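For clarity, chains are labelled A, B, C and D in written order, and residue numbers in each chain start from 1.
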Amino acid sequence: MTDITPTQNELMAVAISAALRDDDVVFVGVGTSGRAFTLAVGIPLVAARLAQLDHAPGLDIYWGNLLSPDLTDVPAHLTQDAITRWRGAYAPADVGQKVDMLVRGEFDVSFESAAQVDQHGNLNITRIGTPERPKVRLVGCLAQPEHLAFVRRPIIVTDLSSRVFVDHVDHITSFGYGNGTRSRESLGYSGGGPSLVVTDHGVFDFTADGRMRLRSLHSGVTLEDVRSRMSFGPEIAEDLSETSTPAASTLRAIREEIDPSGALLRT
Amino acid sequence: MTDITPTQNELMAVAISAALRDDDVVFVGVGTSGRAFTLAVGIPLVAARLAQLDHAPGLDIYWGNLLSPDLTDVPAHLTQDAITRWRGAYAPADVGQKVDMLVRGEFDVSFESAAQVDQHGNLNITRIGTPERPKVRLVGCLAQPEHLAFVRRPIIVTDLSSRVFVDHVDHITSFGYGNGTRSRESLGYSGGGPSLVVTDHGVFDFTADGRMRLRSLHSGVTLEDVRSRMSFGPEIAEDLSETSTPAASTLRAIREEIDPSGALLRT
Amino acid sequence: MKRKLQSLSDAASRVSDGDVVALGGSLLRRQPLALCRELVRRNVRDLSLLTWASSLATDLLAGAGCVRAWEGIYVGMWWQGGAPNFRRAVEQGRIRVTDQSESFMTARFRAAAMGLPFLPVVPIRGTEMSERDDIRSVSCPYTGTELQTVAAAHADITLLHAYAGDEYGNIVWPVHRDSDDIDLIMGAASTQLIVSVERVIPHAEVARRPNLTYIPHTKVAAVCEAPYGAYPGSCDTFYDEDETELQAWVDASRSDETFVTYLKETVGDTQDHETFLRQIGAKRLASLKVGSND
Amino acid sequence: MKRKLQSLSDAASRVSDGDVVALGGSLLRRQPLALCRELVRRNVRDLSLLTWASSLATDLLAGAGCVRAWEGIYVGMWWQGGAPNFRRAVEQGRIRVTDQSESFMTARFRAAAMGLPFLPVVPIRGTEMSERDDIRSVSCPYTGTELQTVAAAHADITLLHAYAGDEYGNIVWPVHRDSDDIDLIMGAASTQLIVSVERVIPHAEVARRPNLTYIPHTKVAAVCEAPYGAYPGSCDTFYDEDETELQAWVDASRSDETFVTYLKETVGDTQDHETFLRQIGAKRLASLKVGSND
């Protein structure tokens, strides 16, 4: 029998899955190691596969530079060779063609991790500190600026921590909803911006004027738990609820069909 | 024994060959049928191969969308399939990459046919008559405007005829040396422009101010023959000479090694 | 992924009178003729065509009176000389022509593929093309150099004929092919894309070598199985052009009337592509076959 | 075609102090490490690097003190986290950094590949990147839309590691590979290109399938045979990354001093690539081998 207590990772995957729609084209990065891999790749892939099996059979995944990867047989250890051999629908000769898809607005959802996320959904994956002598040099920009500019409903997936959830990011790698004075509209964006922030403690969305708003708390998490893990006070939804508990059949699908080796939700 | 009398086509190929240099990258089009094929493809390929065998071993040919085609085994009948199977060094996924090579100035020589050539080396392959109701609709532009703009030493290869060699072309598809008031320099070109005009009666180059100049007459051709086949009077080189007669060994190379089936110099 | 397999006639019904239609292929290769014959059967009018080096597809539509305007780098019949019906229509002032060179036309489609409203191009000055109003200019913000520009090509619908694809619309090419075309860029630039393919293959076959997919299913509105879909032109690695039929085409193109008769016999009297192929005959089609050299 | 085959050290001697050097590969894949180790042996200084997603190559050159500036989309060690030597040098203010996003960086190389001094890009407003002076603006001459721009990337020299090539410098990829990189665009954009390859193959093998050539010999200044030329990173379809050696690299990167010691042992004390490989040992290298799935 399946243990019907969901893990935090499963709750996160299920919350994301509910936000995915049939016909969505969702972009998943190639990720990095450990927890960062689970957040950037593992949870999103489980969520997308769950949506395909449940309510979004036509949903498409673009993973790294591979469209519609075969997710029926995920290798337990993702070496380069396992990735090279991955089957899928399309892997263009140069990744510039994927970049064009992104810029043309052909992705509906993307998944974002960041070292810093601020109250307006701006993201930083570039540096902490000053440009000349940063306190911490991070990875760069990758395509995250494009995600927040051109993807319709980007989803931020990260663990709640007051080091990450800061008043103002040190470097705006990716523009969410600005700082109150600069809106997406004033900059010429016709839509987009982060749609959800899915964390290990609860799920947020954004108010009409672009402030982060707590929508649901995971089972057993208090509002105070959340507030103590954020450097800014988020808006609180009037109908703040508990994050939906997945059905036993959903958990079974995750554990037995989607991620039997535990490669995706490993940490 | 080889008949040591060269044909007109052989004379043309040999004259072109002498103008080709080691390290040249020469562009040859895919051509059309009959005499047009011989002028656009056959003579240039024979000339290029001759240069490779003689004084320019490093010379490179880009034919259609195929770099360094294997010319040791030219099929007698160029069907699509013979072209598809042609061996060579490089055939980029889309021909836009060849267009980029052209625009970046990576071709030294190209070969041009045209329905009209004027005294300043401007070419017309687009239409005779007015834009709204042309008397004759021709093929279009292809990459000929780029050839005359970006290739270092384009060579015009066409038969002498007063219908072709006109005072002013009806449509400037490709800009040679303008009309005396608009020079290449005034338009911002830093070099280029047609270097030679190789015909069935003689060979021309251009004066410093961009007028066509007769340099040599093929054996047995008189100045009057040439003048009667042109609508404008060309400049005449002070050292007007007879077009060099190829050595017997050169003719043997053309007939036995380069074009044994006669596919290239067919008409 | 969703199933995108449609009949040629259902797919072709997406084309409306007055549409801007991009046509793929180059010279006598991979002209989307099965789809274009459907347009002739449907008597679509006033099309504005955007092409690379086009031949039979443009000549067919011109001869059937479907075309109001054409823009591209070439229309002709390669070995067979000029495109007779297109040429006559242009000379009679029935088709408006915009002649582009290869770099300018490539840039038109690349701009659309890159999501940009225009692209700068290295100037080609002094030609009639470069002095037309659709060619404008821009200064480089770094060097001050004056460049010319072209606008992005916006086709309402794009028709390509291709080698093979799966039922979801993933379109693949063979390892070795005649690559002298811009179908890849046209596909990326498209907003509504119909691709006819010689063969529908299982998705598993596509998935084994995803690098060979040159158009992803996400771009494709409809994929149609159309063996010999480029006949009487060629589809490299599948079949050669039918020289006899090309000659018959040219012979029938002496006048509007004779071509309309030819069209009626070859297209109008055949209900669909299958009937058309039956009329040509399996033996004649088989004689054109060539192999791949993968 | 001319013979372009050179030794790694002869080819690397083309790189001078202060050069702008473009480095190919992506993440742990196809980093031009055999060539970069030659630069370390030659003690080249003050390089400005242009990269896509770079890892070992940039970290090696940073740790060896060869780098003055870096521009690209990423430097890190993928599975292994941050690039420790690069990171330390940046945090100490020794390397000037210009962070670009994927579309802006792609456009930098595409502009050069297209022979243009700049390209417009669809704006990404509100980020620090887009408010830097190297990002400028231009109006679309057709729609009036304001776009941002990037300048063409002009590297003095470009270093790529590739699968195979012939002695003339025609560089080919396998039918199926991990294509998440822009080596093709970097090659087209280059003005002086050095490519190291896992295998030198006969030209006849290239000529049989010219569609697999992604860099033509006309662009190549030198081609160098360098088996395991991306070690300890991976070359997809040839070998996987050496996780043990990557760990040793990271462990040795605690400080400048410890990395310099590691460099001396692994690079400085080996005269050339062959000696370097002998030191790693044939058995260990063989254990990393993977096959193609062509």
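Just so it is clear, a contact is a pair of C-beta atoms (placed from the backbone, for glycine too) under 8 Å apart; a residue touches a chain by one contact, two chains touch by 3 or more.
Just so you know, these numbers come straight off a predicted model, no measurement behind them.
Colleague: Once you count every C-beta pair in contact for both, which comes out on top, A-D or B-D?
Modeller: Contact tally favours A-D.
Colleague: At what distance in angstrom does the C-alpha mean of chain B lie from that of chain A?
Modeller: For chain A versus chain B, the centre distance works out to 59 Å.
Colleague: Go ahead and note the Å separation of the Cα centroids belonging to chain B and chain C.
Modeller: Averaging C-alpha atoms per chain gives centres 29 Å apart.
Colleague: Using mean CA coordinates as chain centres, what's the chain B-chain D distance in Å?
Modeller: 40
Colleague: Would you give the residues of chain C that are in contact with at least 2 other chains, written as numbers and ranges?
Modeller: In chain C, 114-115, 121-122, 176-177, 179, 208, 210-211, 214, 293 touch at least two other chains.
Colleague: So which stretches of chain A touch two or more other chains?
Modeller: 91-93, 103
Colleague: Judged by the touch rule stated earlier, which pairs of chains are there in contact?
Modeller: All chain pairs meeting the touch criterion are A-C, A-D, B-C, B-D, C-D.
Colleague: Can you tell me which positions in chain D touch chain A when the two form their complex?
Modeller: For this pair, the touching residues of chain D are 26-29, 52-53, 72-76, 78-82, 86-87, 90-93, 97, 99-103, 106, 110, 121-130, 146, 176-185, 214, 234, 236-237, 240-241, 290, 293.
Colleague: If you look only at chain A, which of its residues touch chain C in the complex?
Modeller: Within the complex, chain A touches chain C at residues 23, 25, 58, 60, 66-68, 70, 87-93, 97, 100-101, 103-106.
Colleague: Okay, in this complex, where on chain A does chain D touch?
Modeller: Per the touch definition, chain A meets chain D at residues 30, 32-33, 64-65, 79-81, 83-85, 91-96, 99, 102-103, 126-127, 131-146, 149-150, 171-175, 178, 182, 184, 187-189.
Colleague: Can you list the residues on chain C that touch chain A in the complex?
Modeller: 1-2, 113-115, 166, 168, 170, 188, 203-204, 206-208, 210-211, 213-214, 216-218
Colleague: So in the complex, which bits of chain C are touching chain D?
Modeller: Going by the criterion above, the answer is residues 114-122, 136-143, 145, 147, 149, 151, 175-177, 179, 208-212, 293.
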